[in-house]
Amino acid sequence: MSEFKIRTSGRIALADITAEVEAAAARAGVRAGLCNVFVRHTTAAVIIAENADPDVSADLLAHLERLVPRDGGFRHGEGNAQAHILSVMLGVSLNVPIEEGRLRLGRWQGVMLAEFDGPRERTVAVSVVPA
Amino acid sequence: MSEFKIRTSGRIALADITAEVEAAAARAGVRAGLCNVFVRHTTAAVIIAENADPDVSADLLAHLERLVPRDGGFRHGEGNAQAHILSVMLGVSLNVPIEEGRLRLGRWQGVMLAEFDGPRERTVAVSVVPA
Amino acid sequence: MSEFKIRTSGRIALADITAEVEAAAARAGVRAGLCNVFVRHTTAAVIIAENADPDVSADLLAHLERLVPRDGGFRHGEGNAQAHILSVMLGVSLNVPIEEGRLRLGRWQGVMLAEFDGPRERTVAVSVVPA
């Protein structure tokens, strides 16, 4: 397992971490297997989404805020219940296949850290298991 | 890793791919481990759901369209922002345990490709890692 | 792979299963790798969420019931369509990195079984694959 840190850019924001994950997977030296990407936080998530058109990211984040409003009458005292709920809904762990030592993502897919309570520094763990 | 293709039946539809995934896992020859199912697309997802009562699928798809309406005032120009958002919410990657060379699904569980921008041909990648 | 059973406490409820998953992972004797947690049910899910403040769990469950109401005009005859939909949205399978023989969760993260059609006894499968 290896880790890297990433600084997120806003309260709610996406950060494309495909290159960092790819580099961590390459360092593991596994030709074929699975690469797990895991965020150790309860107010962020890790997703795979289109990384070409910025409108896709904007639509996604705006709609997530409609589904889980920031001011949703929540009990949790820190004011970030929205972030906790979105973290659970999108998930903190995902796996990408590795083939010939590289992530086998689709052409339009990128690995993104989804920030819901930023900006702040986040830690991402990358684990690789061989086939 | 191996791949198979599946033709989806509608704009929004589920395709039961349990048999195809089971066959791909069996070809890998692993007695115990994990089977990862991954779709290389940003407008589809892979889920585990009940595959017995078709009403369950109908309820699921209808409710997802209520949560993320097709005409949600989105910016993305291709008209399929709904599909991108549902792909992120449901996810493109999932793992099923393998025991005695077979998927260890529950009695009512099936692996489904969830199509949100079809009908079209989709590619599914199956990777198996040993315990 | 190993299994354990857990009795859930209500129709919709969270059960912290971190200790049980940790114990199952330790029994596997793997120093570094991935631990998969899988529920064999179509009306429950497995999530990672904050396990410190009970208000976070209460906010999460209350909001999930707003997003997917129990009485949503569903067709499925058993009255638990809500549970099926939430199971798909949150997912029945997740992976946690293992390092030095232990789950590498963040400080505030716990592994939870999310019950949507209880109370009842649920089976959780834990599989460990080495790095």
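By letter and in written order, the chains are A, B and C; residue numbering begins at 1 in each of them.
To be clear about the criterion, contacts are C-beta pairs under 8 Å (C-beta built on N, C-alpha and C of every residue); 3 or more make two chains touch, one makes a residue touch a chain.
Everything quoted here is computed from the prediction, not taken from an experiment.
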Copy-to-copy rotation for chain A and chain B - C-alpha atoms, rounded to a multiple of 5° | 120
At the chain A/chain C interface, shared numbers over all numbers used: above half (same) or below half (different)?
-> different
Distance in whole angstrom between the CA centres of chain A and chain C is 20
Mind pulling the chain B residues that touch 2 or more other chains?
-> 34, 67, 89, 91, 95, 129-130
Contact set on chain B toward chain A in their complex = 1, 28, 34, 36, 38-42, 67-68, 72, 74-77, 81, 84-85, 87-89, 91-93, 95, 123, 125, 127-130
Interface residues, chain A side, partner chain B - complex | 32-34, 47-50, 53, 55-56, 58-60, 63-64, 67, 89-91, 94-99, 104-109, 129-131
